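Next up, some structures in structure tokens.
In the two complexes below, chain A is the common chain; its partner is chain B in one and chain C in the other.
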Partner chain A sequence: MVVAALGRADADTAEVRDRLNPLKLASIGLPLLYSAAFFVAPLGFLILLGFWRVEDYQVVPALSLENYLDIAANMFAQSTYALAIAQSLWVALTTAFFAVLVCYPLVLAIVYVAPANRQRLFLVLAVAPFWSSYVLRLFSWQILLAKKGIINSALIWIGLDGLQVELIYTQTATRIGLIHYLAPILIVVLYVTVANIDRSLIQAARDLGCTQGQAFRRVILPMSRTGIVVAASFAAIVSFGDVLSGALLGGGAGTSILGSVPLFSNMIMTEYASSTNLPRTSALAMILVLLMVAILAAGAALAERGKIEAG
Partner chain B sequence: MARKDRSDAPSTPRVVAATRQQASRRGFLGGAAATGVVAWSNLTIFSRTADAAGKMRVLCWPGYEEKPVVEEFEQKNNCKVEFKTYIGGEQMLQFYAQSPKGTFDAIISDAEYVQKLTAQKAIDPLDPKDYPNLADYHPKYRDFAPLRAPGGKIWAVGTRFSFYGLSYNTKYMSEEEAKTWSSLFLPKYKGKVALFDWYLPNMSNASLAVSPNNQTPYDIPDAQLAKVKEWLFKLRPQVSVFSEQNQGLVNALINEDAWVTPTGDMEITLIGAGHKNFASTVPDEGSIRWTEAAALCADSRNKELALKWIEYMSGARVQSELVYTKGFKARAPNMKVTKYWNEEQTKLMSYVPDPKNPGKMLVETLIDKSVPRGLPVQQPDKAWIAIYNEFKTSKG
Partner chain C sequence: MQGSAAARLAADGRWWRIAGRFYLVIGYLFLVLPIATMIVFSFQKGQFASIPGQGWTFGWYGKLFEDGSLIEALQNSLIVSPLAATGACVIGFFAAYAVNRYRFRFRGAFTVLLVLPILIPPLILGVGFLGLLARIGLQGQLLSVLLTHMVIIAAPAMAVIQLRLGQMPPALEEAAWDLGATEFQTLYKVVLPFAFPGIAGGWLLAFTFSFDEFIIAWFVSGFDPTLPVAVYAYMVGSIDPSLNAVGSIVFAISLLSLIGVELLLLPLLLSRRKEAD
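Up next, the complex of A and B:
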């Protein structure tokens, strides 16, 4: 019994020692510190700022609901923030859908079609646009998509005068800019998922008589689900908060099936530039953050479900 | 323009803790957070140790810091001028209000914001007799109402100005059409109007369109504001692009995605870049005119140098450079600037005789037709912003 007690004491000591292992503490502490410094603290300050006021052009600490009440009053009337939020959600979700639709087949081609010794080269080529400036890419798209831009000029040059595309200053143009921005990141996320699918499972499916299409539907696609959901969530969140593509390609209030309505992020920027009211801007930004968190939570839930279903 | 269509400068929020805070937990937290922001913000402006003689600090719009503008002053006075640039009058007031006293020696302010600076006792009046260059100014800028101070003094000296008239592609819009704001409603301009994305100039131009030549388009009752809103909503289907950047509007015009913009000045940049098919004018109903002016900070630690700088900025040579910077074009109140321009520049800047108004230069006609920009008087600015937001989200 004494021996057993001593054994238990030794085990407890080892557990405590293990818990106090500096390497383990550092590996847990550093991410926590990073998260606290670059996420929790700024977010906390943003929340706090939303309750402050501007007096004589100075931001004054307060605990006022004035900003939120004013925003709520303008949600469906006057400024109609709700319309801008709806436009942003529509653009973000459709961008995420099309971004995955573009990137996923590309990744499948890199993983399953490209020669194994060329896969990394193709991956590097696919993510190469990431190393160029986002703003420059948007200005390039402006030149391409303009009424007298390269695409329409080329169509005229080949004799298709009647086939002129009018994309600039629409939310379709906004999506194009966003997809170009997001594609390299999504390709990497999806590549990690697809490249890690156990090929023996695909081979087993084929051995059991599955066609290529069936093997894709029953093995590859379910096993890619987590990656697809993560990529789509990421694309939706970035698109929801992006300002530049909506401003430069969408023309500030690009048209979509919801009409010619600005994105919520563009509206926040314009309001800040007009009034320089930081507390009110923070309150508006909080709405943006909450919706992003909702998208993230939905994505995480879907990814989890995907994991469970994929076993 | 208070927010002229230029490149973005980083805007830094600065916060001063409320002095009336109680020694409560909330007060402490608020104060600590505010102090933290102040400390952080101070790093972003410039070192507070740069107080030595021969140095001065200016809070200004972009352009004043450019070498051709400031170099002569620095060499002549053997000094260094440091600049903190801002975008927008509200931002200027924030920077000033949240900086420790004595941070700035001079301020370039939009004329309508001078009254807000005087309300804060931020600037000292100037004696116009100390500025002999004012004799060369256009009469309206020699004695510019928004800058008048008590006792025959002035609050600031004008440095540059320009118009929010119509800039248009002459292939699609005729000179005759450009004479009236109502031409923007012609069916052919549907989806062909580009707007500078700021409520103030657009709503005040709309105010002039519904009340031609009103000298106080910002000082309007609610009923008049409702008409402005109606006019804007009618314009909405015509608008294809809202841009906060000059470049966005220029690109839209060059690519013919937009044919006209009520932003003025665009033709100077476009013609200068070889696109000869652009022109601009102030419609007969009038348009808004923005003005910048140099003021002396009341808490300046180097008033002597600051006064010299203000005097320097009133000169024709420096204004000829200031209004013709690479990224931005404007007009100079000192009419002698033409001495420093070639024929092409003089014509481009409209400092040439107006054939329709003998004895006047084109720029003088434009000044006569335009109204100095102001701020909403009878309503809070957020009421105007809400209307502008509604206009942007409306279908017209």
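Up next, the complex of A and C:
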């Protein structure tokens, strides 16, 4: 009888699991419905909208290439989208490079130099800025970097009159804002990678006579490669899509070695603000999507090559 | 011979250690600098922040509340973000439960579809959201921000809740069924309590994302701006130290959620790492 009861219980659970029960329907259906209505639909609509037109300040459904042709015509004339795209790529890639350059050594120091029982505290402190508002942090950077701002006035106050930084409204300031925004996330990503490196491997390298530098180059660096590529791609994508730092610290058209050119993302935002021409904005956004996919593909290819080399 | 090699290695290690400490100090100074600036200069007289200071005041906090527009925006944010985080947690919980328990076709695609919104740049989503919402007459209200934020932040909520559900032994649910509980009773009395730390951690993360989100809200919020949108409009117009005051208030609110995360989220992440070891 016990056996029969057990058998029945098993059959019950199996039946419960296999049946298309209301719970299964709800737990798959609800997220799917919401995502279809408020994610898939807007994205699909974005593609569609790029082919629509504006007539008498009204958005009219159409199937015209007008927006794209006009943007193509403006690539090197008037709005010079090509320059803005180049500026965006340049700023995004250099930001990603410097962000990793700042964060990776910091993570190494947290993992290998900070006392083991304090690591968690260090990590929490590193993540803390993420919990303060991004746009308000940019305001802080603004008053820090301003021409007569905190840093410059402090330099004069301590007697270094000759040493003045002129960063505000340049793309360097844009990068500083972005790196500060990205740092907490990159630190977590890189920390997970570096903390998972088996310490006995490093010990083995040291026992075999490697200096600390050699152990780093031959063991730690190759083993953090994937984490570094992930962090850098993430930083590049976020920087490429960000509008705030470029607008508030870069001043809209911040200077870089490419000249005083706005970022593509800022151009999309200001164009929409001044024209409220949504179909054209959608077409510009689609171009941004395509460029981003290209960056991601490049990142993935790099990671793949790293894997092959390491494996 | 061996002794001197060990000494050489130890000395080599000491210099790295000193360099590492030095860099830790520099790095953390960089991280803290804008936040410290915000707090210190919210109490400083003088419209244009400079060093040495121009004396202390509570005036900017007073001006903030007198002027009211930023406080109103803060209220808007404090209405929208908790609601959006709660909605995201409902969606995220169901999605995580489905992925964790059921085997169904396109399960991988289901996960990707739900995580994708957080990976797509919000600038692009903002344009798409506005296009669709304007078509159905839902643009320019707080409700628009709520509906759109929910999609984005359901992804982090789902990820965190799934971390927790992944730690649940399947036998737990089976035991409840065997003891006669229905599916929904089990969900309510066994799964939900177990998942609670994950849900709370996911909620805080979702809240933070929504509270700080700018560009989507800029596109869809219209005349009911959330805090970041109002701050942006303010900043483009002028330099006003009231912004430091509102920043300090926001940071104080956020510190509470940071403490919550420290208590809820980190143990989750770290315990999984331990299991992996």
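One rule holds in what follows: the second predicted complex is superposed on the first by the 269 of 311 C-alpha atoms of A that agree within 3 Å, B and C clash if a C-alpha of one lies under 4 Å from a C-alpha of the other, contacts with A are read in each partner's own complex, and residues count from 1 in each chain.
In this section, a contact is a pair of C-beta atoms (placed from the backbone, for glycine too) under 8 Å apart; a residue touches a chain by one contact, two chains touch by 3 or more.
Just so it is clear, the structure is predicted and the values come from calculations on it, not from any experiment.
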| item | value |
| --- | --- |
| Touching partner for A:M269 - first (chain B), second (chain C), both, neither | both |
| Contacts of A:L248 with chain B and chain C, given as first, second, both or neither | both |
| Chain B versus chain C as contact partner of A:I168, first or second or both or neither | first |
| Touching partner for A:L278 - first (chain B), second (chain C), both, neither | both |
| Which of chain B and chain C A:Q212 touches, first, second, both or neither | second |
| Dominant toucher of chain A (residue count), chain B or chain C | C |
| A:L190 touches, of chain B and chain C: first, second, both or neither? | neither |
| Contacts of A:L291 with chain B and chain C, given as first, second, both or neither | neither |
| Partner chain(s) touched by A:K148 [first = chain B, second = chain C, both, neither] | both |
| Which of chain B and chain C A:L83 touches, first, second, both or neither | first |
| Shared contact residues on chain A - chain B and chain C | 45, 59, 139, 142-143, 146, 148-149, 247-248, 269, 278 |
| Chain A to chain B touching residues, read off their complex | 45, 48, 52, 55-63, 70, 74, 78-81, 83-84, 139, 142-143, 146-149, 168-169, 247-248, 251-253, 259-262, 267, 269-271, 273-276, 278 |
| For the chain B and chain A complex, residues of the former touching the latter | 3, 11, 13-18, 21, 26-27, 29-31, 33-34, 87-88, 90-91, 93-94, 96-98, 116, 120, 197-200, 236, 239-245, 248, 251-252, 255-257, 381-382, 385-390, 392-393, 395 |
| Residues of chain A that touch chain C when the two form their complex | 9, 12-13, 16, 21-24, 26-28, 30-32, 34-35, 38-43, 45-46, 49, 59, 102, 105-106, 108-110, 112-114, 120, 122-144, 146, 148-150, 153-154, 157, 180, 183-184, 192, 195-196, 206, 209, 211-213, 237-238, 240-244, 247-248, 265, 268-269, 272, 278, 281-282, 285, 288-289, 292 |
| Chain C residues within the chain A interface of the complex | 5, 9, 12-13, 16-17, 20-21, 23-24, 27-28, 30-35, 37-38, 41, 48-52, 90-92, 94-95, 97-98, 101-102, 104, 110, 113-114, 116-117, 119-125, 127-135, 147-148, 150-151, 154, 158, 174, 177-178, 183-184, 187, 208, 211-212, 214-215, 218-219, 227-228, 231-232, 235-236, 239, 243-244, 246-247, 250-251, 254-255, 257-258, 261-262, 266, 270, 273, 276 |
